[in-house]
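Two complexes are shown next, each including subunit A; its partner changes from subunit B in the first to subunit C in the second.
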Partner chain A sequence: MTDQTYVQLLDLACGAFLLTGVLVLWRRDLAAIVRLFAAQGAALAAIVIVLGVRQASTELVVAGLALGGLRAGLLPYLIRRALPERGGPDAEGRETRPVVNVASSLVAAAVLALVAYAVAQPLIRIAPSPAAHALPVALTVLLVGFFVLVTRRRALSQVVGFLLIDNAITATAFLTTNGVPLVVELGVSLDVLLAVLVLSVLTNRMRAAFGGTDLDELRELRD
Partner chain B sequence: MIAAILQVVLVVAGAPLLIGLMRQVRARLEGRAGAGVLQPWRDLRKLLRKEPIAPRGTGWAFRLAPLLLAASALVVTAVVPLVTTASPLDGVADLFAVTALLALGSVALALGALDTGTAFGGMGASREVTVLALVEPTILLAVFALSVRVGSTNLGAIVNSTLDDPLAVISPASVLAAVALAVVIIAETGRIPVDNPSTHLELTMIHEAMVLEYSGPDLALIEWASAIRLSVLLGLLGSLFAPWGIAGAEAGPVALLVAVVALAVKVGVLGVLLAAGEVFMAKLRLFRIPELLAGSFLMALLAVGASFFLA
Partner chain C sequence: MDPQVLVLAPVGLPALAAAGYAAFGWRRATAWLGAAAAAGLLAAAIVLAVRTTGDAAGVAAAGGLLRADALSAFMLIVIGAVALAAMLASPSYLAAELAARRTGPRATRRYGVLTQAFIAAMALAVLAANLGVLWVAVEATTILTAFLVGFRRTREATEAAWKYVVICSVGIALALLGLVLAHYAALHANVPEDGALDWAVLARHAAGLDPGVMRIAVALLVLGFGTKAGLAPMHAWLPDAHSQAPAPVSALMSGVLLSVAFYAILRVKVIADGALGVGFTRTLLVVVALASLAVAAALLLAQRDYKRLLAYSSIEHMGIVALGAAVGTRLAMAAVLLHVLGHGLGKSALFLSSGYIHQAVGSSRVAAVRGLARRAPLVAGAFALGLLALLGMPPFSLFASEVGIVRAAFDGGLGWAVAAALALMLVIVAAVLGRARQMLLGPPADDGGEAAVRLPITAAVPIVAGLAACAVLGVAAGPLVTLLESAAELTGAVR
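Presenting the complex of A and B:
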């Protein structure tokens, strides 16, 4: 792989990673949010595989494929199973009234991108390489993930926010180092898998008990 | 010089045909026969023969608006690199100048609509300015993202550099900028899903509400200028992201002919795609439009960011 194609492929994968992360803020439909999350998983896998091919490291490529399988396949599948069926109570499948409205959250995402860019500068200066230059992308997705976690009301969109943060942390790890040990990556991935399993069970329980997953309503005590 | 004149003549004559083509595509997809590609020209001829009427109580803003709109559209046509990158107005073929000229036309029309003093005119003007406030910065940012690579905000220079290095189009910055620019072009020219050019329903119309009071030659001028703006913006999209066929500074007659055909094909394809997309799309609620435009603004900003992050 020549230098130019490497940089171009890496940049494209990072661009897709960033775009899918930001579009999560834009969509209200939970099913579409899960699809975007799956696309982001695929972009993350592409980043890792491109890095692996570049360093001629089989371990990285295998890690990338496993990441892709987990984050573009298994996790979206699990979240989708926790989605309410179509034709159920109308507001349940949508993020109807987020704490911050959609237009403002998009502008907030723009500000977060600038913050991430400013914060990443010293890190990039330590070891300037094409991969390190893409670091602001990962940090932007991290901040956007936090933002989703704070401002969305549905349990499932908060789960997606949490997973965005995790995707971003993984991306940061791979972009700044020459590959994370497979054991560490495996441990993190299994952790996330378990968290999603527990959360999806919890979501279903919530829906069975209260008829909705609007977390704001859980603040009040009832008898 | 010849190339620039050719470009203006082509756009001026072709813009109503583009509108006709788009209406025809819509009609066919909706199962109607359609009025033919030449219908907008026939409409313009009919309107031009009518007597000009100005509503009572309107002043110079109302009368000047169509002229300013058409004049600014013509200048933009001469400046933007569509057929040739070597415009005689190269000094002002600048991203900021083009955006300002487009804004000048829109603002003139909004003022003219306010001048009528009718409810619809005011409503349309207010909506148009709301959309404009979000569209202009997005156009600036999206093209700015492309200009970072070139180091110049001259549109001709940007197109030339893309011609020299076609692979540079496949970068996150230009993909994001392309999407952002496409969305704002749809908003700026008042097409579905932002505005519906073929309705006069008071709840939803934006552009049509502003031109309700115009009639005869004034209306013809506005319709024609709107068509020119649409073709120029689609042509600009084509030139920035698929600049193949554009003639350079020292182009012979054959190269110019190729450039003309290429422009017609590019704008035609984009127009057909836009029209076909409109058939399958509903108009957005007015309150959702800022969301769409904020999204495209964000994409443009990320495009600028990406051209700095990943460079």
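Presenting the complex of A and C:
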């Protein structure tokens, strides 16, 4: 792979990673949000595979494929299973009343991108490679994930927000150091998988106990 | 005994007990399995402590993935002691829940599996040589305790479990990002690849790590592990989770899980001090410590729920621990560790006795409990003594450790911070004593006031033993002194 194609492919994959993250703010339909999350998982896998091909490292390519399987396949499948069935009350499958509306959310995403660029400077300075230059993209997705987490009011949107943060951290790990050591990466993936399973069970319990998954209903406990 | 076995036992024994519960369920014959595993953990911890005292290198096992030094051994003792108390109290607690038809055999089996796996994960966290494995173990505790928090399946329990998993997973994700960045800085400083997340290796190479990257990494690590340690500003999950979980689980979560998360901060602090100088983490820790104390004081003042009162008291004590760690001198670190042990013993005794009060009264409101001293002198006495211990009254060990932290802070130039902390602690003393008076003294309530609070002997023993140990430690720490000193040494204590 020539230098130029490498940089182009890496930037393409990172661009897709960023775009899918920001579009999560744009859609209100939970099923569409899950599809965007799956697409982002595929983009993450592509980043890792491009890095692997560039470094002629079979391990990285395999890691990329495994990540793709987990984050574009298994995790979206698990979230989709926790979505309400079709024909249920329409409000259940949609983000009806986000705390910040869609237009303002997209503006906020632009501001978050600026913040991410500022924060990433010390990280780029110590090793200015094309991969390190893509770090602000990962940090932007991280901040967008936080934003989703605090402004969206459906239980499953919060799960997606958490997973955006997790995708962003994985992307950071691969862009900086080709990933954390294997035993840690396996542990992290297992923890994320189990966290999503636990959250989907709790979503179902919430639906049974509160009659919905609107997080504004969670106000039994307060001081 | 083979040191490898000693290091593996604290993780292996509870894991085996978890497998036992998975296979046979929670029944009369298996009910004491958890207590046996906890006792084994405590024994292994004590032997490890004897071996590692004064030996800075520690004992390695599992191909270098695990390592036990005096600090790990000390934390294992805290885990073992609190786990033993919680597991001794569990059979009678669950029997009462089963008798009241609030739970069934499937849920009790799950309780057995999850509590044991939870204890194993905590043991793994303090034994991990690799910060990544430590992270995985701490995150695993969140996942394993999620269904324990939601054990009662009520609206409140489901809400608490949801907030708990979301806030803690996100907080701990920040710590993962911090680890990724520390790994990046380490590889850049030519730390060998296989040791780039090992805390001992990182501490040795700390001076070469890039300060710009490490500043971000350390801030994220302190904030992330601080979330699990219940430190403000990421404490919001704690009062909900600790008040909704079954009493023995609350004892474990409040008594040790918070300290295990704080242990991660102590390991990070050694690396951070080497890379950035002591000022950076000190500032961070002073800020979170004072914020935690302020939050605890503000919310304890008008607290109407005695389980939440205990939970906010945990935030207070983690704040005190963080303040001591900010000081960072040898005296301060020894006092911090003693405080962790004293808080573990005292808080677990309190949560266990609050569980029996809750089962008898059927409510966790302070107003629902009146005249406890006359109705149930044993429970009331344990509850009162536990509160006095937590408020830092002599002879309990929390008095000694708080005095140690205060003295060290004045010597170490943090006098203003400790003065603010003492003012907040006075507010807390007044608030807690006021609630305690309402619950313990006065005439029993007219309606339903006759419900007897039954404290079974198997629960009374760990509660009384925990309080007694806490008092004895306050008078004479005995052989623990050398262990505390060598553990404090490992936290990179200055001077």
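The rule is short, and it goes like this: the second predicted complex is superposed on the first by the 217 of 223 C-alpha atoms of A that agree within 3 Å, B and C clash if a C-alpha of one lies under 4 Å from a C-alpha of the other, contacts with A are read in each partner's own complex, and residues count from 1 in each chain.
We adopt the following convention: a contact is a pair of C-beta atoms (placed from the backbone, for glycine too) under 8 Å apart; a residue touches a chain by one contact, two chains touch by 3 or more.
Small disclaimer: the values here were computed from a predicted structure and weren't measured.
Partner contacting the larger number of subunit A residues, of subunit B and subunit C: C.
By the touch criterion defined above, A:I79 reaches neither subunit B nor subunit C. Of the two partner chains placed by superposition, only subunit C is touched by A:V119; subunit B is not.
With both structures placed on the common chain, the touch criterion links A:A39 to neither subunit B nor subunit C. After overlaying the two complexes on the shared chain, residue contacts for A:I165 are found with subunit C alone; subunit B is out of touch. In the superposed model, A:L70 makes contact with neither subunit B nor subunit C.
In the superposition on chain A, contact is made by A:G15 with subunit B only, not with subunit C.
When the two complexes are superposed on chain A, none of the residues of subunit A touches both subunit B and subunit C. The touching residues of subunit B, when paired with subunit A in their complex, are 167, 170-173, 175-176, 290-291, 294-295, 297-299, 301-302, 305-306, 308-311.
For subunit A in complex with subunit B, the residues that touch the partner chain are 4, 8, 11-12, 14-16, 18-19, 22, 26, 102-104, 106-107, 109-110, 113-114, 117, 130, 133-134, 136-137. Those residues of subunit A that touch subunit C in the shared complex are 119, 122-123, 125-127, 142, 146, 149, 155, 158, 162, 165-166, 169, 172-173, 176-177, 180-181, 183-184, 187-188, 190-191, 194-195, 198-199, 201-202, 205-206, 209-210, 215, 218-221, 223.
Residues 65, 130, 132-133, 135-136, 139-140, 142-143, 146-147, 150, 153-156, 158-163, 165-166, 169-170, 173, 176-177, 179-181, 183-185, 187-188, 193-194, 196-197, 210, 212-213, 215-216, 239-240, 243-244, 299, 302-303, 308 of subunit C are the ones that touch subunit A when the two sit in their complex.
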